[in-house]
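Below is the structure I would like to discuss, written out as structure tokens.
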């Protein structure tokens, strides 16, 4: 069974370490906040200018001055701090954010990522994605292994316009956990009930499989 | 130093057709609602707008787009706006997309008198086309130039007669950066306090960067993505 | 995220001989008195200190100079210190003088992940020797590189468990810049407040830049140039 | 009679315009604050991080956290703002400070200035002087026309190591007010009772005298 979006988020949450500052992108990455393991303290950074993002507000308690980078109403936790957009990307560029989780349309076996533009379609812009991928110390991509047509999104080379070059370190897809290594996508874990053969058939880029590949446990 | 003016109409009176203006805000959060309304009313045209986003169809910079006042948008993200898309596809509107951190830092550079900055954002992508790339300590960076804008229009929470500004929560975003970057900077505030009414340790934009200030009215502060959780 | 440690001795325990350390403050205003005292006590040697000034003979970095712990000072102004002068003239101490704004901006560059910045300060002077000069819009600028420092030691007025810092008046000076620039940043504060005890809109240094924080004690806060007027 | 230091400051104060942001250097420039003309509002910037510097504190009211760039205890005026050193020099570099007044050891007829280093003497450092002279929109130098040996400090070329190149716009010395022009030092005003001949004899750089030169009035 391929992972649900929630399970992808849940699996990524296991990568969090105590004391991490984390930037979560829009979509599946946002869900990671719901699965932070007990005993692990992380601080969420929102690139529009907040450290210490809390959960969504209760109904009626929305504050129009308090939103995340996805423009959703949010809350803060004690110890939060606001700052301007230059400082926000400054701390990202300086490597102070320990982990960035974001979605992708395509990832190449070299760690290139494409997630902002489809030629021929209305281009909405890269927002902060190019800054995040160029600067983050550690990037995990949360994505479906294939597109709706069933084509692999893990490719030898990205076909879409790039967001960043050689920056993705790890991918958690609905089928697998993979590291981006000099040798290609290295398979680390399989989704429960998903075979290495299925993963191989749905990975267009070079796939490295060494020894037995464990199944994820939920 | 008294920089207080009456209202948005007076604030924007020197903005004429073809001006380059920076407009603060992130989405609809922290946008100068009063000045945007005044620009719409004034029907000034051919504007180049530097703003992280382009509003929504019926609010923010979207109102200026509906009014066909914008020649060019310089932004990082311009979704959520059907009229924008129509004008872009028809060629009426020119758009330059810039990574968000680059947008912010090019404002900072202008405000700090730095002609250009280096950032890794966009290296190896189409953003790098025609730009100078330089390697420092094994990593490639793009040379990006400070913005030049005749006017910056920002929205703050509180301000005083001298133009000192304090922003509220994430409504800060690009506002202090653009406030520093405009040749003429206009600030609208929710609350104009008497001289000495702000804590000098807590000021985000020192008044030296601000030329005109007024207390805005009727703020709508629309929420784009109302997201809530249920009480359990 | 709890970054609170017991005291200055614990704060500096990883600073060893030959370290490069930034020390906040302007003159004796806003200097980390507790950490300097601990460094003196620890007798760690061969230090490179990046600090706007070098203290006075019997206080601030001057105490480390008396103790012959400093190999090199990187500063903008080093007057008011006889022992400093003696060591400099005898060749025991190396000094690199940097324009004050360049010093500040090279810290900012480090904290903002910018490998280098352009500034006009020092163009056409001996400061420009060996540096790259580049013309932008008809004006010459020097390329100056971001600092690299293993440690930054700063003094704030208030701080919280998460390392968020607020400075007081002109004791701010280089402190927030150096706080951003150290690989490891140590903050001593006059008052450590509980989590949530600081206004998130008023924080100068967000905690992400701070690794260790403690409440200092026995602050002397010496005044270098006591200047007063008479009541009339 | 050559001007006193106070008169130099007083004469410079007449250059202030309503609404100016002004940075005053150490020494004579500091005295300018005492002579701000009635009806003229100026805001004093201190490059260690303050806009809105007030007078020295009353005895017993000194605040060790509140000093100027000369490390003197000061006060603030209502509407003041504190900021860090990067923003302070940022606003200077961006030309937001309308006028900088500072002392000099030498000025050349091209507007070069030397005021930080004497070879062979202990060098204390340039502090913020190089930033100020390289960035200020408008620089007035307050200085003695000659050094203690009677040698001119207004030279064809500076002999001392430079602080900045081609940046000085105006000089108010104890003998004269002069503009730095493409043609050299242009004499604008004489100190009361000081002849153009005396000024000429004490100005080593090229001196331009056109028409009658008025005397300063105090």
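To keep things simple, chains are lettered A, B, C and D as they appear, and every chain counts its residues starting from 1.
As a working rule, a contact is a pair of C-beta atoms (placed from the backbone, for glycine too) under 8 Å apart; a residue touches a chain by one contact, two chains touch by 3 or more.
On a predicted model such as this, the values are computed, not experimentally measured, just so you know.
Peer 1: I want to compare two interfaces, A-C and A-B. Which one has more contacting C-beta pairs?
Peer 2: Higher contact count goes to A-B.
Peer 1: Starting from the mean Cα coordinates of subunit A and subunit C, work out the distance between those two points in Å.
Peer 2: 37
Peer 1: Just curious, how far off is subunit D from subunit C if you go by their C-alpha centres, in Å?
Peer 2: Each chain's C-alpha centroid was found; their separation is 28 Å.
Peer 1: Distance between subunit B and subunit C based on Cα centroids, please, to the nearest Å.
Peer 2: Here the centre of subunit C sits 33 Å away from the centre of subunit B.
Peer 1: Where does subunit A touch two or more other chains at once, residue-wise?
Peer 2: Subunit A, residues with two or more chain partners: 76, 82-83, 86, 89-90, 92-93, 135.
Peer 1: Find every residue in subunit B that makes contact with two or more other chains and list them.
Peer 2: 105, 112-114, 119-120, 167-169, 172, 200-201
Peer 1: In graph terms, with chains as vertices and touches as edges, which category applies: line, ring, star, complete, or other?
Peer 2: other
Peer 1: So which chains actually touch one another? I want all the pairs, not just one.
Peer 2: A-B, A-C, B-C, B-D, C-D
Peer 1: If we count contacts the way the header does, which residues on subunit A are in touch with subunit C in the complex?
Peer 2: 19, 21, 41, 43, 45, 51-52, 76, 78-83, 86-87, 89-97, 135
Peer 1: Which bits of subunit C are touching subunit D when the two form their complex?
Peer 2: Touch list, subunit C to subunit D: 26-30, 52, 75-79, 85, 88-89, 97, 99-105, 107-108, 119-127, 157, 167-177, 204, 221-231.
Peer 1: Going by the contact rule set out above, which residues of subunit B touch subunit C in the complex?
Peer 2: Listed in rising order, the residues of subunit B that touch subunit C are 105, 112-120, 136-137, 139, 141, 145, 166-169, 172, 199-202.
Peer 1: For the complex, give me every residue of subunit D touching subunit C.
Peer 2: Subunit D residues touching subunit C: 46-50, 55-68, 70-74, 76, 82-86, 88-90, 92-93, 112, 122-131, 134-135, 161-166.
Peer 1: Mind listing the subunit B positions that touch subunit D in their complex?
Peer 2: 1-2, 110-114, 160-162, 164, 180, 195-196, 198, 200-201, 203, 206-209
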